[in-house]
Amino acid sequence: MTDLTEQKILQSIQDRKATFSDFKKKVSTFTPLLELEKQAFKTSALDHKTKELMALSISIVTKCEPCMEWHLHQALQANASDEEIYETIDVAIEMGGGQAAAYARYVIKALHLFRTA
Amino acid sequence: MTDLTEQKILQSIQDRKATFSDFKKKVSTFTPLLELEKQAFKTSALDHKTKELMALSISIVTKCEPCMEWHLHQALQANASDEEIYETIDVAIEMGGGQAAAYARYVIKALHLFRTA
Amino acid sequence: MTDLTEQKILQSIQDRKATFSDFKKKVSTFTPLLELEKQAFKTSALDHKTKELMALSISIVTKCEPCMEWHLHQALQANASDEEIYETIDVAIEMGGGQAAAYARYVIKALHLFRTA
Amino acid sequence: MTDLTEQKILQSIQDRKATFSDFKKKVSTFTPLLELEKQAFKTSALDHKTKELMALSISIVTKCEPCMEWHLHQALQANASDEEIYETIDVAIEMGGGQAAAYARYVIKALHLFRTA
Amino acid sequence: MTDLTEQKILQSIQDRKATFSDFKKKVSTFTPLLELEKQAFKTSALDHKTKELMALSISIVTKCEPCMEWHLHQALQANASDEEIYETIDVAIEMGGGQAAAYARYVIKALHLFRTA
Amino acid sequence: MTDLTEQKILQSIQDRKATFSDFKKKVSTFTPLLELEKQAFKTSALDHKTKELMALSISIVTKCEPCMEWHLHQALQANASDEEIYETIDVAIEMGGGQAAAYARYVIKALHLFRTA
């Protein structure tokens, strides 16, 4: 009855928030990582949305579920359309084959969850 | 009490089915991927069962849990024996070391689940 | 309410134990793998604790959750301090970027769980 | 004196061409893969150039040198600017850390080679 | 004029032989690894050739060039046919997409080299 | 006659140096990455040498040749002994199996090259 994939997505969001203060206080690389992220995803020659979709495509191929949750969310915040998400999945499938298709299910479920939240 | 790994296996099957129509309708690469799969797994110089076991060995080394669920199921449908599954795990462990052994637990649990279902 | 990540960690421990006898009886590579592990983690030029932290750093970069659970536990048994765990995470983040940071959350949550158990 | 990285890039192009007829004749999955590629990289909600840059970012994180050679070339054919290539590297570094930075050297060298060819 | 991929294949064979005595003398895990390999690849429920092809399929998806060289060689020693090699590539492409196709070029070139040697 | 692996190691060093100014000038994430590296590898609860060996173990398992070249070099600069390098290889083999053993050849050859340079 309860959907375990949806629970995983919600837990991913919760863990991200719950561990943030530990990262800030105890992980020396975290502050430069935040600066690095700011540089990586800022609008410049490529806009912010495109960069988030790029990160989403990487996340699918590398099977990084918490990354998919985060970069999908960021892409939607930047007004990515459903079509753009599905075409990001297309590129991931070309690069990663059947394995990428299997992990794209997580993105599709997260997309439905975020659109109806 | 409830076994989370068994729940994950069952959820994997459910997600595969639940996202199928979205893939068909919205993911342009999905139709050629299905054709590609048909070509890859057809009996020819190597038979279907061998190819599914091969895909299972890849899935263990690449830590692709939904792939393990699917290719194990397909291998069993093609009459793979328990011995063949365990020897597939052997090859995965040789190629992937302790990490493959850790992911092989998922295959062993899925095997018990499918055999008793 | 229930924390799914904590459940995953506990399930990982349970699966490790539950599949052990199957591995011993049915997986031919398992006995040499145990011998290999003994050689890999013994105190020699590098001590046992350092080797377990090394294995933990690899586990984060390769996204191997059951490996993180096991090698964190082993490192703590060998008296690794919290500071040493967090610096292992630092090296993993340098090598694996944002993906490693996302998987390090699992280590941080397991650390809290093991410390309060 | 001879630059081995440049030789590798040129060899990558040559191998791609030299093996094409074998793939066409002897690899059953190759024809559906070509169709899959056509679907994945066509201009639609995302344009062709963006999709090639996306594939390039994936290639850096997954350390796929022949993929970098190909998708960089395709991105340049689609009029990607140097700035867009460097920002694709930025996203790859955020996702893949120091390892991605090490593989980005290959992209930078290929970029110089292709621009001066 | 000289083919760098062929040189890489020949160098891979040479490095395997040249480092063997160092591994034997200085790497404690090497002896149990050799025993593990013996167990993994012995003819049992699956025969030796099938297991080598399985290892080859894994090597393509994980982009392990020295592994491709070795397991292809072993498969040919066990009388694998060209058709069986190409179908192993098919399974790898299904699991690994365009990246696997790019690495399969190495297998095809090694196959030609070994057949004409 | 010329050893291609040695050439690759020397080319890796050369590419690292040759692309540095491009990274500095054109890659926005590079400055925060350098700061992140400084934090990750500084002597603190774990000393610099241990952290470099840790990074070397990760590099072997993830098949990152330019990373192996760099972190081996850094470990030797920090006075790592041959025994410590070989035990780092042991941990990598436990985590990565036969694939890690194949990539460890690169480390062994680089070790000989750096020791005799």
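Chains here go by letter, A, B, C, D, E and F, matching the order in which they are written, and residues are numbered from 1 within each.
In this text, a contact is a pair of C-beta atoms (placed from the backbone, for glycine too) under 8 Å apart; a residue touches a chain by one contact, two chains touch by 3 or more.
Quick caveat: nothing in here was measured; it's all calculated off a predicted structure.
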{"item": "Chain whose mean Cα position lies farthest from chain F", "value": "B"}
{"item": "Rounded Å distance between chain C and chain E, as computed from the means of their C-alpha atoms", "value": "30"}
{"item": "Length of the line joining the C-alpha centres of chain E and chain F, rounded to whole Å", "value": "25"}
{"item": "Centre-to-centre distance between chain D and chain C (centres being mean Cα positions), rounded to whole Å", "value": "35"}
{"item": "Residues of chain F touching at least two other chains", "value": "28-29, 33, 36-37, 39-40, 44, 59, 62-63, 67, 86-87, 90, 93-99"}
{"item": "Chain contact graph, described as a line, ring, star, complete graph or other shape", "value": "complete"}
{"item": "Complex interface listing, chain A residues touching chain F", "value": "28-29, 31-33, 35-36, 39-40, 42, 44"}
{"item": "Chain B-facing residues of chain C, complex", "value": "7-8, 11, 15-16, 18-19, 22-23, 26-30, 33, 37, 59, 62-64, 66-67, 70"}
{"item": "Complex contacts: residues of chain B adjacent to chain C", "value": "3-5, 63, 82, 86-87, 89-90, 93-94, 97-99, 101-106, 108-109"}
{"item": "Of all residues in chain C, those that touch chain F in their complex", "value": "36-37, 39-41, 44-46, 50-51, 53-55, 57-59, 61-62, 67, 81, 83-84, 86-88, 90-96"}
{"item": "Chain D to chain C touching residues, read off their complex", "value": "93-100"}
